[in-house]
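Structures given as structure tokens follow.
Two complexes, one shared chain (subunit A), two partners (subunit B, subunit C).
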Partner chain A sequence: MISSKYAGPAVFARKISKRFGKLQVLKNLDIKIPNATTYCLLGPNGSGKTTFIRAIVGLIGLDGGDLRVFGEPVKGVAGLYSRIGYMTQHKALYPDLTLQENLEFFAGLYGIRGLAARKRIDELLDMVDLKPHRGRLAGDLSGGMYQRLSLACTLIHEPELLLLDEPTVGVDPRLRQTFWDYFNRLTSQGATILITTHLMDEAERCRLVGYMRDGRLEAQGSPDELKSLAGLKPDLQLWMQDESASYSAASLLADHGFSARVEEGAVRVELASESQAAEVLRLVKPLDLRMHEPTLSQAFLKLGEADR
Partner chain B sequence: MSNSLATRLWMGSQDASTILWADLMILKRRLGRYMLTTLISPLLYLVAFGWGLGRGMNMNGTTYLQFVVPGIIALTAMTTSFNGAGTRLNVDRLYFRSFDELLMAPTGTLSLLIGKALIGVVRGLVSSSAFIAVALLMGSGLHLNPAFIIALLVTCFSFSFLGVMAALLARSHQDLATFSSVILLPMTFLGGTFFSLDQVPLALKVALYALPLTHSSICLRAAALNQPVPESSFLAMLLFMLLFFLGGLFALRRSSI
Partner chain C sequence: MISWDRVLVVALRVVRQLKRDRRTIGMITLAPVFLMVLFGYALSGEMSGVRLGIVDVGADGEVRDHLTSVKDFEILHLGSESDAEKMISEGRLSGAVVMGKTFMRVLLDASSPQVAGLITSEAGAALQKAGDAKENTREGLLLSPASPGSYMEMEQQILPARPVMEIRYVYGYDLEMMDSVGPAVLGLVVFFFTFLMAAISFLRERTLGTLEKFMVSPLTRLEMIAGYLAGFSLFSLIQSATTLLVVIFVFGVPMRGSVLTAFLVILLLGGAALTLGSLLSNFARSEFQVVQFIPVVILPQTVLSGVWWPVQSIPASVRPISYLLPLTYSSDALRQVMLKGASIGDIIYPDLAFLAGFFIITLAAAIAMLNRKVG
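Moving on, here comes the complex of A and B:
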């Protein structure tokens, strides 16, 4: 049962920097990842996401700044390894060992042996839907199956801080849902999950999202907060009887202070909030309608434009 | 205090055995192929030098075959232990990146070093044992006594630690290959394996006595011929083992922050 012993932020970074040769990858990065939450780190390739994660687990040293994990300076992170699980983009498993043996190996590294190991391995193989393949060599697995085994190996010791670098690449939607159910269960038990992904629908599932660009954190907040930061609002699409009715409706709505335009034969009305939809429908009677919620993807496009 | 030390030792040995276990499983799956590739060189040396070139030669009262077989065992132990620990670790670290997983596990540095070195020792012992069996069948007249076994073990441990150290310090696969070519290959021929060091000029002799394989050859040969093992060479072997162990520890500590 996971339950974090530390009340402060799971990860705290203040003005951390890292340079590889001439390339400054992290530039005075400030991030605070609260405990018992799912935090998604988004950003284009080369924005420094993976470097940040590798710094958290001590695989790279920093040039400057303060990075703490569960309140401990990262220099002492080795003492916290039993509480951290890191799944890299291409987690290194032993291709010449079977799935069962790979899991036994990782369990042994974390001091889980005997009956406890067997129980945990069964549970994880179930979760990642690989139980019938436990005797296959890891090197013979497909990309998606390999990814699932990687996740199982990462979770073997029930870490309190889970660092997942693009964990659902190659995983089918049904299983992805299973993974997210499991992640949510872990956070409800007190685990902190830091995840990097390019999939916006995955980011939407996280409680907090950070947008990294060029080694800095450009924006951070809940998915809704980020959409609002980008100035995005929901809009309503209305289909009227004909084009002239559409133009009349748009003009009427504009007279009442709405931002409305005719686009591809339909009227699009921007709403400050969803509750304004009722007022719009009091003014016009469409044949059909559809509400469009802004997406995180639009938010980041907009935030990206603002940066440029 | 002693209880806590015993617990730590027990946990450390469990960690090391977990690390060794994974490599042992891999070795078990590839044993046939491994034996084939690892025995080719020593058997060629045996045929070329022991039977071919050295037939009829006498070395201080023994046949050349009796003289050369312990040398070939020493070089087999050296190369297989070094490669068994070093090459695999180098590939794991730089290609598969699976060594990062070990660095991120709550495993002590010492357990990690010993676990990784032990697979080199096992490979060295397996190859050497197979070669010894062949040599015995060919009538080399080896004496397998405790001194011989201890000398073989120390040789395997020494070169396994050297392999771990070299693999951790290498920045590329090429670096390790270069190390093998520049350090191990010359040692293979010059480390008292194929000829007696009594026959070389003094300056060269001094240089050759600085090689760890020289002392392994001397000790293994003395034990195999049922002669007293020179204490100075045995001490030198232990010193090299300690040196490579500390070097491996340093390289490992440098790998993690």
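Moving on, here comes the complex of A and C:
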């Protein structure tokens, strides 16, 4: 049972900076990751996401700023390693050991042995759907299976803070759902999960999303907050009898203060909120309609454009 | 504070991985045996099938009888000295002896000093046997097929009365080449295989990303290396046990000291090889680059550490390097234990002290490098 002893933010970064030679990778980065939440760090390649994660676990030293993990300055993070689970992009495993042996090895490093180890290994193999393959060599697994085993090894000691660098690459959608159910269970038990990903639908599942660019945090909030920050609104697509009816409808809606245009034979109406849909339908009677929610991807594209 | 539980977990993993790698197991156990057998025969110092021409122009019977009785020679009786010269130039003879009543001329092919040495010494022995050295003069004519026509002539007066040489071995044993080389080669194979395996294993930890994962776990760097030491030591012991069996029972090299003392030396040397391998793996990016360490790390040790010939025969200008190489000390220690029956106390200084010092320094450097490389 995971429950963090620390009530403050699991990770707290204030004006942290890191330079590799001439390249300034982190530029006065401020991030606060609350306890017991899923936090997704999004951003283009080279934006500093992995550097930030490596700084959290003390693998790289910072040039300046204050970085704390469970309230402890990062210098003392080694004392917290038994509470942290770190999954690198390398999927660190031994291909010449079986799945069971890999899990036994990582369990042993955290002092989990005997019956407790067997129970935990069974539970994790179930979760990642690899139980029938426990005797196979890890090197014989497919890319997705390898990924799942790597995640299982990272979770072996029930860490309070999980740092997952692109954990679901190559994992099919059905299993990804299982992962997210498991992650949600972990956060409900008090764990904090920090994930980096390129997949927007993954980010949508997180309670908080941070958008990093060029070593800085450009935006942070819940997925809905970020969409409204980018000025994105839901829109309604209406199909009328013919083209002239479409133009008439668009003109009528414009007269009533809506932003409406004809696009690909249909009328598109921007809504300030979903509740405005009823008002639109009172004014026009379409043959068919569809509501479009803005995506996080659109939000980041918009935020990116604003930066430029 | 070191956790022996975690050391054991790493050691168990190393053993599991190696156990599964059958080819490496075969290499570890059989390659040293193969090398020893190879070295054993190549270095036995015995020659056979040396084709020697004899041109007899009225020689003393005893001289001729001695030469024909030497079993290393295949004797060919020739009519003239010029025939002998021609056949040596063509490579059909290794040498020839022209024997007259009052002289003996030895014609040699200088391209093989060992063969030339055998012919010269047997010719000398034949003369001494004849007991008529006073009157005789031996002339040596060296022929080199590589430079036909430019023969180097050498004349040597044989002293009228030769002193009788008596040989006495201090520890009562007529050592053959293998007896001296065997114990040292034992150290060489353990060092060679442990170094290579360690360098490749640590490189793999880095490329697989497991090293980075360890750095974010309760496992310390010392525990990690200690785990490797424990796991590899098991294989070093198997390797040295099989090699020792061949050295002792196939080549008859004596084991006058304690086997346990020999194993202690081997374990200490294996430890030094492992930490050196771990340290140097930081400078390799691939297995191919690890193999490139062989001429840089292994070869100088095989040449300069007194495995094949004594350190004293290495030029004084290069010798200081010999005294910095762990194999110099393991070779000496293993020879002392096996041939002289030395105990631990006899080899503590300088052999065990140096090996322990080398191990501790490379261990500290390996741990520091692990830190730096990941950071």
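Simple rule for what comes next: the second predicted complex is superposed on the first by the 308 of 308 C-alpha atoms of A that agree within 3 Å, B and C clash if a C-alpha of one lies under 4 Å from a C-alpha of the other, contacts with A are read in each partner's own complex, and residues count from 1 in each chain.
Definition applied: a residue touches a chain if its C-beta (ideal position, glycine included) is under 8 Å from a C-beta of that chain, and two chains touch if they have at least 3 such contacts.
It should be emphasised that the depicted structure is a prediction, and the values quoted were computed from it without experimental measurement.
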Fit or clash - subunit C, subunit B, common subunit A: clash
Subunit B versus subunit C as contact partner of A:57, first or second or both or neither: both
Which superposed partner A:182 touches (first subunit B, second subunit C, both, neither): neither
Which of subunit B and subunit C A:88 touches, first, second, both or neither: both
Contacts of A:239 with subunit B and subunit C, given as first, second, both or neither: neither
First (subunit B), second (subunit C), both or neither touched by A:247: neither
Which of subunit B and subunit C A:75 touches, first, second, both or neither: first
Partner chain in contact with A:96 - subunit B first, subunit C second, else both or neither: both
Stretch of subunit C, among 81-89, 117-125, 153-161 or 315-323, that runs into subunit B once the two complexes are superposed: 315-323
Subunit B and subunit C footprints on subunit A, overlapping residues: 57-61, 81-82, 84, 86, 88, 90-97, 101, 105-106, 108-111
For the subunit B and subunit A complex, residues of the former touching the latter: 11, 14-15, 18-19, 21-22, 25-26, 29-30, 92, 96-107, 256-257
Subunit A to subunit C touching residues, read off their complex: 57-61, 81-82, 84, 86, 88-97, 101, 105-106, 108-111
Interfacial residue positions of subunit A with respect to subunit B in the complex: 57-61, 74-75, 77-78, 81-82, 84, 86, 88, 90-97, 101, 105-106, 108-111, 113
In the complex, subunit C residues that touch subunit A: 5-6, 8-9, 12-13, 16-17, 20-21, 208-210, 212-219, 374-375
